[in-house]
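Two complexes are shown next, each including subunit A; its partner changes from subunit B in the first to subunit C in the second.
This part shows the complex of A and B:
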């Protein structure tokens, strides 16, 4: 029997003892409410859709606003209970956050499912109509189907008693399905992933060579700063530079790592902090607009 | 159709400014690729952020517990896998149990499991303690909603473990709450550190939401400037950035901090001696890839200087 809601300390309104009637009643009720909501939303009149979206957005945002701003229980023990309404709300918010997080994870999982459905619909349609580059769609769909089949068969086999050694790295007990999954996931997908990312290095070199020119005073300062920081990351250069500084009896401040540290501490970090501060204020404004439905787009504008 | 246009020969300044892309790509391929086949050990002076990271990890008492956010996949394995391997080597040698979770990518838990199994097998082969899944470490899996999950971790850690299962050896999957790793864990504060190994924006998600446990970040090279702000403000107890960070960690694991010897590494911040793990397998991806980074940076500098020299020469000639 699956242990649903196995963690019951502290007992909250969101959980119940394992396999109890209370737990199953709650599950059935939640399912019924969910189905009713689903059917209700599907049949909602078009003019009600915006108010529904606004209400859901506002309530969801309000929960997290309260979570961050409302006083939270301090050093709460499992036996502690609220003494008044003020504390009851505080306890409720604290207990509910995990459930809300689970809910958001479920919604995000549905979004992944929606993405897969959309991708398959577009590409299967393309293959059926033999549109331009439909061959690539065949590769995409077949890759996805193969990965799902091999992934699930491998997963199912590992769940069987006595098969846990399959998880080891020594190919112990591996069958066609484990080798197939390993080839697809570790052999192909992961290496293509790494290959795609490594191409960036070539673009960076080409772009830096063509665009990184000292055309103005600002660009020259940027160029020199970047050169110092890059040189400080090169162990060999840093080592011999330090030897040179020591040989000439110059101050340690002239060592590359110290110059780079000074640049980072006095220019780079404050500048990024300033940018982050601006971005933060912008995000707050954007969040408020979304939360309070102040964002008017399209026909609303 | 043939034309009689004369072939214009580029002068030196123009040639410096217009090296063809294929030539640049080929030279980079050689500069970055050859050191992988002909390994060289380059001198290294670990930076403060890496030293803090090492010192914080080495200060963990044996038998304590650490939470790891593994938010990377093989697209950044040059950096992230090296960081993860160095981290796991330290934790396994100090017999520290750990819990791994992911909020960035569905592939990440599988990649983390692969890395853990690999390092555990290496350590067991070298005579160390062989880490066993479920007994010594847990992989909680992937949580699609980073913000909600991370808030829940800080608010009530066990709520993210409810209903999760992991695979003990020779046994069907079991509820993670029954694992010895989670015994005595009631809150995220029961972990000594939260170590984030990331190649994505989960760094800000963690720093905004997790307040009850010391944080250590292991990030890719491009993320270092952004994360240096958090390190400088004291929000991070350590920062390991890019291949250089991995090489720093591996160097410190080999030679220790303030340990007398020909390769003595010192720091203004630490007066105590922090021994590493001399004689053990400390070299990993950092040692292997640092020469590639080194020579690629050298090429980048040469390319930028050449382009600028060409531009200056061309300007002078034009008056």
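This part shows the complex of A and C:
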């Protein structure tokens, strides 16, 4: 019996002893309930769609509201039982969080299939009709198929008894499949990722060139501020600027790094804090509207 | 995991609940009040202009609802809500759209909402199933995919809204290189400067959340926006009170030293007095929950067969 089917720490209403009949009964029951729910949702009348969505959203939201707001158990040990009903609820919320998070992941994993379907639809269609740049679609589809094949074969082989050495450093025990997967993932994908990331450096330059032009008073202030902060980060400039400045003299305040620190501490940080408050409150209001089904935007607007 | 608010830190939860109350109260009030004023937001005024320009040029409008790592969150939903409005305008102009999704959950929701928009406009025949696409859930593969689409399709207007990270500048600069008019907003403060540098219009901070109210003028949304403003005023007031109270307490002659320390929900006597610091003020104690790690609580013990013996995590 694999361990992942019985998460025993701590013992809760969501798990059961390893390899026990109770555990298997629960797994089968969960599967049946899942199938029943799936079929029920597929066949639900259209007018029931919104109430169902509202109920699921409200109950899920309520759980997380309780999770964050209800007092959490302090220093709970695996052998501890709740002292009263108040604490029993606290224990239940704490135990259930992992299960609820897993449920979310399971639902999300169903959606990956839809995502892949969308990708394949677009690109296989493009290849069939030989539309413009269809060659790129061939590269995408073949890369995906190869990565799936090599990834799964490698994963399966590493799980086999005696193949644990493959996980170590070096290429001990590697076969064609491990080398293939390594070439595709570490040799190509990771490097292409890094290549895309490095482009950001050049784009920063071109964006800065456009942004730092003194077209208005605001743009000029931005330009000067940025100039001071950038110069303060250049060791050589900072060194020569600070020559002859007495640390105990008023002029010490006008060392580049002190000006930059003052700008960051007195203008940048308060501005960011202010914006953060606005974003946080906006998120709170948006979350409330979604939770209580008050949001009449999107397609309802 | 949250702290035990009954021991300490209860004031934070009280402030949160007060803000929830203010938002809900204003949502209820807004139904009875007409013509509430919302200031002009340049980026949102530009939506019609951007879509109109795309129509004139016969090129698509491209939208990206952010790169959220989790399934779907409120930020993604807000971005999709704004895109529903953009799609509605595009549908009326018979302009092609492209919605690029970073994860499959966003893709499914965006597809549903955009299709509903076309249906409500009575233009379902103009809806292209492939206009909402899942690109990739790897950050730079997504950036490469979207950049490629922008270059190949020569998007005339681009909307980047939601959570963006290092790829923000790649997307914005690529769109700039094809001359697209760009409206952007990131909830990540680190990326907003990049958008400001590279895009035509940027919604900063909570303007992103005000967008739906601005675009639709729906009473619930306008009420919520007013509630948010009340909350901001309340926070500003609290900051002022906090500055005054802390200054008063720290400057008070009798409090220059303290012989007691706040520990586990009670005062412990210190072996010798220490200077009274910012962490010793009443407000600081209220706002900093004490995790009470060392408290031992006597609880009934579970029977042996109920106690885990290993396995699992």
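Rule of thumb we're sticking to: the second predicted complex is superposed on the first by the 263 of 301 C-alpha atoms of A that agree within 3 Å, B and C clash if a C-alpha of one lies under 4 Å from a C-alpha of the other, contacts with A are read in each partner's own complex, and residues count from 1 in each chain.
The criterion applied here is as follows: a residue touches a chain if its C-beta (ideal position, glycine included) is under 8 Å from a C-beta of that chain, and two chains touch if they have at least 3 such contacts.
Just so you know, these numbers come straight off a predicted model, no measurement behind them.
In the superposed model, A:249 makes contact with neither subunit B nor subunit C. In the superposed model, A:115 makes contact with subunit C only, not with subunit B. In the overlay built on the shared chain, the residue A:207 is in contact with subunit C alone; subunit B does not reach it.
When the two structures are aligned on the shared chain, A:129 is found in touch with neither subunit B nor subunit C. When the shared chain is aligned, subunit B comes close enough to touch A:233, but subunit C does not. In the superposed model, A:71 makes contact with subunit C only, not with subunit B.
Of the two partner chains, subunit B is the only one that A:186 touches; subunit C does not reach it. In the superposition on chain A, contact of A:289 is made with subunit C only, not with subunit B. Put simply, subunit A uses residues 3-4, 6-7, 67, 94, 104, 107-108, 111-112, 189, 193, 196-197, 204, 206, 208, 210, 272, 276 to touch subunit B in one complex and subunit C in the other. On the subunit A side of its complex with subunit C, the touching residues are 3-4, 6-11, 15, 18, 67-72, 74-83, 87, 94, 104, 107-108, 111-116, 118-119, 121-122, 125, 132-133, 136, 189, 192-193, 196-197, 199-200, 203-204, 206-208, 210-211, 272, 274-279, 281-290, 294-299, 301. Of all the residues in subunit A, the ones that touch subunit B in their complex are 3-7, 64, 67, 94-95, 97-105, 107-109, 111-112, 158-162, 164-165, 167-170, 185-186, 189-191, 193-194, 196-198, 201-202, 204-206, 208-210, 212-215, 223, 227, 230-231, 233-236, 238-239, 242, 257, 261, 264-265, 268-269, 272-273, 276. By the touch rule above, subunit C contacts subunit A in their complex via residues 1-7, 13, 16, 19-20, 23-24, 27, 71, 74-75, 77-78, 80-81, 84-85, 101, 103-105, 107-108, 112-114, 116-117, 120, 129-130, 132-135, 137-141, 143-144, 148, 152, 166-167, 169-170, 172-173, 187, 189, 192, 194, 196-198, 204-206, 208-210, 212, 215-216, 218, 220-221, 224-225, 227-228, 231-232, 235, 292-293, 295-297, 299-302, 306-313.
Contacts from subunit B toward subunit A in the complex involve residues 19, 21, 24-25, 28, 32, 42-45, 47-48, 73-78, 106-107, 110-111, 113-114, 117-118, 121, 133, 143-145, 147-149, 151-152, 155-156, 158-163, 167-173, 175, 177, 225-226, 228-229, 232, 244, 247, 290, 293-294, 296-301, 303-304, 306-308, 311-312.
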